[in-house]
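Residue numbering begins at 1 within each chain, and the chains themselves are lettered A, B, C and D in the order written.
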Amino acid sequence: MTSNQPPLWRRAAAELLGTCLLVTIVVGSGIAAQQLSPGDVGLQLLQNSTATVLGLTVLILMLGPVSGAHFNPVVSFADWILGRRIGSGLTLPELATYVAAQTAGAISGSVLANAMFEVGTSISTKERATPGHLLAEVVATAGLVLLIFALAATKRGVLAAPAVGAYIGAAYWFTSSTSFANPAVTVGRIFSDTFAGIAPPSAPGFVVAQLIGGAIGLGLLLVLFPAAARAADDVVLPHSSAAAG
Amino acid sequence: MTSNQPPLWRRAAAELLGTCLLVTIVVGSGIAAQQLSPGDVGLQLLQNSTATVLGLTVLILMLGPVSGAHFNPVVSFADWILGRRIGSGLTLPELATYVAAQTAGAISGSVLANAMFEVGTSISTKERATPGHLLAEVVATAGLVLLIFALAATKRGVLAAPAVGAYIGAAYWFTSSTSFANPAVTVGRIFSDTFAGIAPPSAPGFVVAQLIGGAIGLGLLLVLFPAAARAADDVVLPHSSAAAG
Amino acid sequence: MTSNQPPLWRRAAAELLGTCLLVTIVVGSGIAAQQLSPGDVGLQLLQNSTATVLGLTVLILMLGPVSGAHFNPVVSFADWILGRRIGSGLTLPELATYVAAQTAGAISGSVLANAMFEVGTSISTKERATPGHLLAEVVATAGLVLLIFALAATKRGVLAAPAVGAYIGAAYWFTSSTSFANPAVTVGRIFSDTFAGIAPPSAPGFVVAQLIGGAIGLGLLLVLFPAAARAADDVVLPHSSAAAG
Amino acid sequence: MTSNQPPLWRRAAAELLGTCLLVTIVVGSGIAAQQLSPGDVGLQLLQNSTATVLGLTVLILMLGPVSGAHFNPVVSFADWILGRRIGSGLTLPELATYVAAQTAGAISGSVLANAMFEVGTSISTKERATPGHLLAEVVATAGLVLLIFALAATKRGVLAAPAVGAYIGAAYWFTSSTSFANPAVTVGRIFSDTFAGIAPPSAPGFVVAQLIGGAIGLGLLLVLFPAAARAADDVVLPHSSAAAG
């Protein structure tokens, strides 16, 4: 851990808050869309994806200097793997802390969205695991990991906020699964029986597909950007711009 | 007050004009949406939120160098509080001037929108205060304050224009209240009995919720960005880039 | 005329091409919207405004280094007025050339859009001049002029492309007239009897309102940005970045 | 070939992957739109174009440092022509490799989209070649080539990612053909009998129109930006920022 990083507890707080708000954005805008445009599911998804593009970009921008703004266990896991090659990146205890904070945050995000819309928190009944959707999660997560670490490898981590937001916005549409691409968010979305929810039986398949996608994304990264491993400590936003007091 | 700031009267004029145009954008695009897409409230909100993302970003960009582009009493209030810790930021008389200019501007913005659409100016009858909506205003305003001052604390005030625009665009959707998050705008929106209006009985609750949200946002800021207080004079756009002659 | 500017004929060609493509974008996307979403005028306008935000931004980015990317007689006129105070900006013959090129380009843009959509070129029958719409044109053009020259006055002309695109995108919605804000474009839009057309009897009122708006915009500029006159040669994109060979 | 470029095999892999994902985005979001918004073709196109703006921008950003992110034979061809004047740019064998990689990638992109949505891969039956559509392809491709090389000529290749994304997003709407503007993508879109498909009999006309458009774009470039030929090795993203290890 480099000396100019915020302490782990503060980084964990940022991961928890960021993942919480990310799920609040996804679930909340889904509820709003469902209530306001009941006649057209495509229009609902356009509202849902537009809110997510904007909101996710802002969250990464806002919290990147504190924790790197991973908000996603696959990203933290990839950061750990890449970092092991050169002795930087997250350590294993840090990785565990990040993943725990992300998962707790994601669940609380569903609860917060439900509360704002006065919808009871209950377990989703929306089955999503089909072969096409699982393939889609592999593709979506591979692209996400490749994108984030390609930007880091080319010293353009400062572009991660709008780039990741835009990527997810596109992936809502070009994948059949609407691109969860995030195990913590997948778990969080179990806790709202609304537009963006996912039934528990579908979640494990999604998470496995995301992990496979993450591995493929790392493979593509090492083929296309062989310098990537040397830049692994620069994800998502350079920690050197952190404002820890 | 640092010597390279524009005089207070000019900053107040910028706050008045900016808040006026902000409300014109919110109310005007709401009227257009209601007239042009009568069959789908969600589509109306998408038009309303899209116009606001674009317009708010431009207003902050345009007037930031003059007044900081607060356009929001909660932001000015937070600037004053943070500034007291280190002797910078708005003084109390400046704060009062800003809030008065913002409120007058917001009301005139509704009147201007009504005039362009040839809709009479009358008091809104749209009740909005529900427990869920009040919680939503707390969340929306906390996020807004955290965002603005996190960018300032990390010397990225130059990103405030697109970031705040994008944030509000997301918050239209992920909150149940469509995210007023601004006491002056709340007052201004009383004066149009159209899509974006708010009935007077609902306004006080919204304002109180926004003030609570602002306090929570400041609290989160000090936890996550302990350096924030030292950067409070850098909101929203660095005054040092001001072009006052 | 500074020595590193492209010759006038090339700048005029850029103004002609840029204004042509701007009108092609506005008129063409209007026709597409009308044909593809016949059931909802608001959805048509959303398609029309979205295409214009993206396209206008790109045109200013692309042609700014050649001619300044005015594409608008009001902008050229304001540039000439501001420039007279300090001996820079367009000269009167250059102004006349710009306006002629813009107008010719705008008309050809309607013809090109009509041809692509295999719609005959004919004079629009869409009456638009109402008191509300004329007020809207004043407001829209004042804001546009204030925005462009405020960015120039604060040495941020490089942001003009996305800022002007975003501004017009918002103004489509917050004004009742859908924000023509451009005399050349107004003339060009006469030549397509489709979604974006304007009947000849409505055009003179629109142009007069735009000129009044331009004057108000300049007045606001001088109040809020007294340094503006000294920076008038920096519109829309700095000529110093021109790539004339 | 300058010494700091990645080896050709890696650049070809980037062109293949990028063009594959571009077609996956176009075709996949078209299928999603068609399934989710069956009642309004314009809304489908808005979903399709929005996904493409975001996705194409991200792909250029991500892979530009490896291969220049052409993803389009017309762009590679123009790069070769401009480069011949000054001995830089692609060589003829590199050009052939790029075009082959782009075409193979485009076809695989359709197959991948079909698989995610569990739609069988079959040849499109959607006839598109009309005089208006062919004119539209000329216009769309001319503008695309002019844009890309104008940015390169003015040392702003770093803006190509959002600019090209925005341009295509506008061209979806202001052209009658929805702007293919890319021979490889045209071929790839043959292999999905869905929203974004094109029937084989229509493809040759589209490709010829695109080549004519590319030539016109180059002509406009040399008129407006005479310095262009000297900057041809700077497309789309500066190779000098490449991170090849």
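To be clear about the criterion, a residue touches a chain if its C-beta (ideal position, glycine included) is under 8 Å from a C-beta of that chain, and two chains touch if they have at least 3 such contacts.
These figures come from a predicted structure and were not determined experimentally.
Novice: In terms of residue numbering, is the interface formed by chain A and chain B classified as same (over half shared) or different (under half shared)?
Specialist: The interface of chain A with chain B is built from mostly unshared positions.
Novice: With chain centres defined as C-alpha means, what is the inter-centre distance between chain A and chain C in Å?
Specialist: The mean C-alpha positions of chain A and chain C differ by 40 Å.
Novice: Could you work out how far the Cα centre of chain B sits from that of chain C, in whole Å?
Specialist: Whole-Å distance between the two chain centres: 28.
Novice: Return the residues of chain C touching two or more other chains; collapse runs of consecutive numbers into ranges.
Specialist: 40, 43, 46, 50
Novice: Can you name every pair of chains that touch?
Specialist: A-B, A-D, B-C, C-D
Novice: Which of the residues in chain A end up touching chain D in this complex?
Specialist: The touching residues are 40-43, 45-46, 49-50, 53, 130-133, 135-136, 139, 143, 146-147, 150-151, 153-156, 159, 163, 166-167, 169-177, 220, 223-228, 230-231.
Novice: Please output the residues of chain C touching chain D within their complex, sorted ascending.
Specialist: Against chain D, chain C makes touches at 10, 13-14, 17, 21, 24-26, 28-29, 31-33, 35-37, 39-40, 43-44, 46-48, 50-52, 54-55, 57-58, 61-63, 65-66, 112-113, 115-118, 241-245.
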